[in-house]
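Step one of this worksheet: look at the structure below.
When the chains are written out, they are named A, B, C and D in that same order, and each has its own residue count from 1.
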Amino acid sequence: MDYVSVNYLTKKPKLKNPIFVEGLPGIGNVGKIAVEHLIDSIKAVKFAELYSKDFPPQVFINTDGTIKLVNNEFYYWKAKKRNQRDLLLLTGDYQGLSSQGQYELVETILDLAESLGVKEMYTLGGYGLGHELQTPEVLCATTHKHLVKTMKKYGAVFKKNEPGGGIVGASGLLLGLGGLRDIQGTCFMGETPGYLVDPKSAKAVLKILVKILNVDINFSSLEKKAKEIEHIAHQLKEIEAGSKEKSEELKYIG
Amino acid sequence: MDYVSVNYLTKKPKLKNPIFVEGLPGIGNVGKIAVEHLIDSIKAVKFAELYSKDFPPQVFINTDGTIKLVNNEFYYWKAKKRNQRDLLLLTGDYQGLSSQGQYELVETILDLAESLGVKEMYTLGGYGLGHELQTPEVLCATTHKHLVKTMKKYGAVFKKNEPGGGIVGASGLLLGLGGLRDIQGTCFMGETPGYLVDPKSAKAVLKILVKILNVDINFSSLEKKAKEIEHIAHQLKEIEAGSKEKSEELKYIG
Amino acid sequence: MDYVSVNYLTKKPKLKNPIFVEGLPGIGNVGKIAVEHLIDSIKAVKFAELYSKDFPPQVFINTDGTIKLVNNEFYYWKAKKRNQRDLLLLTGDYQGLSSQGQYELVETILDLAESLGVKEMYTLGGYGLGHELQTPEVLCATTHKHLVKTMKKYGAVFKKNEPGGGIVGASGLLLGLGGLRDIQGTCFMGETPGYLVDPKSAKAVLKILVKILNVDINFSSLEKKAKEIEHIAHQLKEIEAGSKEKSEELKYIG
Amino acid sequence: MDYVSVNYLTKKPKLKNPIFVEGLPGIGNVGKIAVEHLIDSIKAVKFAELYSKDFPPQVFINTDGTIKLVNNEFYYWKAKKRNQRDLLLLTGDYQGLSSQGQYELVETILDLAESLGVKEMYTLGGYGLGHELQTPEVLCATTHKHLVKTMKKYGAVFKKNEPGGGIVGASGLLLGLGGLRDIQGTCFMGETPGYLVDPKSAKAVLKILVKILNVDINFSSLEKKAKEIEHIAHQLKEIEAGSKEKSEELKYIG
């Protein structure tokens, strides 16, 4: 096993001018939720697993009692209509733990993507605001200047100096290292409080992406999850308010 | 010396369809205690030591004043009866310190196990509950679905979503990376408070394992150690209760 | 991509007996500010980028919405007058994160510098005093004894046992590893409180360097930035004083 | 430059059945002080420097204003009398920062020692007690059982289960990895409070070592340093006592 290694489950698919979409775990898990929902909706096919010595030494336990080594997973989808394009999709359990691990992971991902003919990619993530918000906007950054105008048309937002710290992690690094390979890349970052997983922000990101991909998907399951999370957030707030009140009371007593 | 290197003390043993059993340090030291007790009981023979640059740079001092470089140790045991199988056993002082070190360690262990013909393995560990318990159950996870039914028959327990965080460390990774090599693997996790070393939990794990291995071992020394630990735990609780009472008293005074 | 890799943007320049000047981020960002001001002033030409797997996995976002992978950047400048020499200049977003990363980075920098004919270099940094100061002096250390006298003539200061901890980071390591290659090196360290970026200290360092390089540059933009920082420092002090006063008051009340 | 690399300053010396003595920084700097005093006393000759990417990226500044890249240094000494043996000596600024770095460092040291014919070695360090002591004893551990008796004769002490945590760092690892190469090794650990550098403990260690080496050295400079440290320790205690008294007083007032 190499530092990062690819394990093909099926023959390597033949894709025609495919678009690559990435969504790994991160702030609010926005990217991962979005890509997983897309994979489920379009019934993409898993064809390869990626393991790394920089992932935690960990297996998850499936509901049937079997184990699953933590990994990243590649899916593909063949275009069904004239205005669609073949897709390569990536999601997974973890990003690399170390700087070097992240660089190695992203280089391996780009090697595989390039070998399948990828010249265009979208990386999905969250932009943590640290406060609640009503309607998440989708911030954007691109490898090439001409993409900025295009993405604005699709509804993405460019705010000067935001995110101030740039983009840390696979979503940013794919653009950075992909740009050196002349892959045109765009990163969509859904605004999110960043406290909990955020299906609402994932939906906002997907809404823009599906316009670009010309695929038609149903958002109802995402919306249902978003409501559940909203409910949990509300409960947490009440508990917090309660304990605050209590501690206020205690101050008067004490 | 490689990143991980194997040092043979004797000629490489020739084993017939051996079963591999691993028990390295971990929560409650359950796996290590169990395998060490098994090794002592069946008088298995040490034949190889494994060193890693990812172990601490440390030697232990033996009671005779000589030193021992920290390592992992391989033992073998030849079947004595028809219904038994040859055994390969692993225990040691440490697991790898880093993620990469764990992956390298486990790959080297699997290389050695495969070279001896291993196609079936059992990894032993503890499942830390963070609270006391009367009778530890033995949780289980497997590489292959058909093993689940078998292990239930032997008394292992499958609880949905437990352990919630999966299995972290060598016991899990051996299953994960071994599964990729088509080695059938099972992990037994003895429930344990996780505060102290836990011979009682180790005994619970061994009770199941020896049924599978068809070996007959005496548990009295393990039971004795379990009583000693129980005694220490009791004393610690009294000390804690004492200091708590004292601080309660102080509150009334203060 | 290697652990550290160089990406040429243009043909490798041909330089005649060039002087190498380095200023990467560090205490008060003194070195980086100084070299960037020099690059801007003399209109040096960027010709290579350096990437490292030991930099953070991060891209910055430019004001036009495009991304920039974090890197180090090489510039060159051809001598315009008889008493000048060709220059090789280095600045960047980060130093290596780990010890090994720093050594690899510096070795790659020295390889490139040597391949361009560098036999003399100046590394720029800050010397954090942890308290405010009126006029920053410029401390100095060199690879060769005969350079000490020369640098004193240019106004650099040698204080016995200062900095006590030596020089940590690329500025020191370039001298250390460069010295093993027989490159004559000098490190200038501008005194700085070390709390904020310090253009005033950068100016003090540059004042000495330009005498050595025989280049004539304008300091007005540096001076303007220095005033802005002074203003911010003053405001921070007032806020601090205010909250201190408040807490003093509270003590009398409480 | 390799991960660890050796830089010869002179031709590789030819030694006859040399004894290797190591003293790198550690608890109380006991080993380093002892070996440095030995090197000075017998006027050993520096012949090689050892650099590692796992040392901090740091240079020290000499009193003449030049820099020194942090390193380890090898010295040799040729026997002057019949009952003496040639010596190889090692001291330095740092041990490796990481586990892997320590293993690589020690392997390189052993490679060099073996290439010079070393079959016997002494590693020197401190044993931190965490409390003051009158007369430091010198604890001992060896690679081979027959050495235990010999070392007792020279005045070294073996205490069962001490140090309880074994020996961490180069002094231990040299014995561990050296033992695998059949080098006979002994580690002397001078008892020390461990708070400050401890020339007194270093002297105790050296007193035993010189009996083995049959070299005659003067301890007066070590004794002088020990007195200075005792003075500092006394002052620190008074300051501490003072502030404690003060806080006691405050308690009565408050």
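The rule is short, and it goes like this: contacts are C-beta pairs under 8 Å (C-beta built on N, C-alpha and C of every residue); 3 or more make two chains touch, one makes a residue touch a chain.
Treat the numbers as computed from the prediction; the structure is a model and nothing was measured.
Engineer: Can we say the copies chain B and chain D touch using the same residue numbers, with more than half in common, or are the two sides different?
Structural biologist: different
Engineer: Enter the angle, 0 to 180° in steps of 5, of the rotation superposing CA atoms of chain A on those of chain D.
Structural biologist: The best-fit rotation has an angle of 180 degrees.
Engineer: So which chain is the furthest away from chain B, centre to centre on CA atoms?
Structural biologist: Following the centroid criterion, the farthest chain would be C.
Engineer: Please tell me the distance, in whole Å, between the geometric centres of chain A and chain D computed from their C-alpha atoms.
Structural biologist: The computed centroid separation for chain A versus chain D comes out at 53 Å.
Engineer: So what's the Cα centroid distance for chain A and chain C, whole Å?
Structural biologist: Once rounded, the distance between the two centres reads 37 Å.
Engineer: Can you list the chain D residues in contact with two or more other chains?
Structural biologist: Residues of chain D never touch two or more of the other chains.
Engineer: Which chains are in touch, pair by pair?
Structural biologist: Going through each pair of chains, those in contact are A-B, A-C, B-D, C-D.
Engineer: Looking at the complex, which residues from chain A come into contact with chain C?
Structural biologist: Chain A reaches chain C through residues 96, 99-100, 102-104, 106-107, 140-145, 148, 158, 160-163, 165-170, 172-173, 175-177, 179-180, 187.
Engineer: With touch defined as at the start, can you tell me which chain B residues reach chain D in the complex?
Structural biologist: 1, 3, 7, 51, 53-61, 63-70, 97, 101
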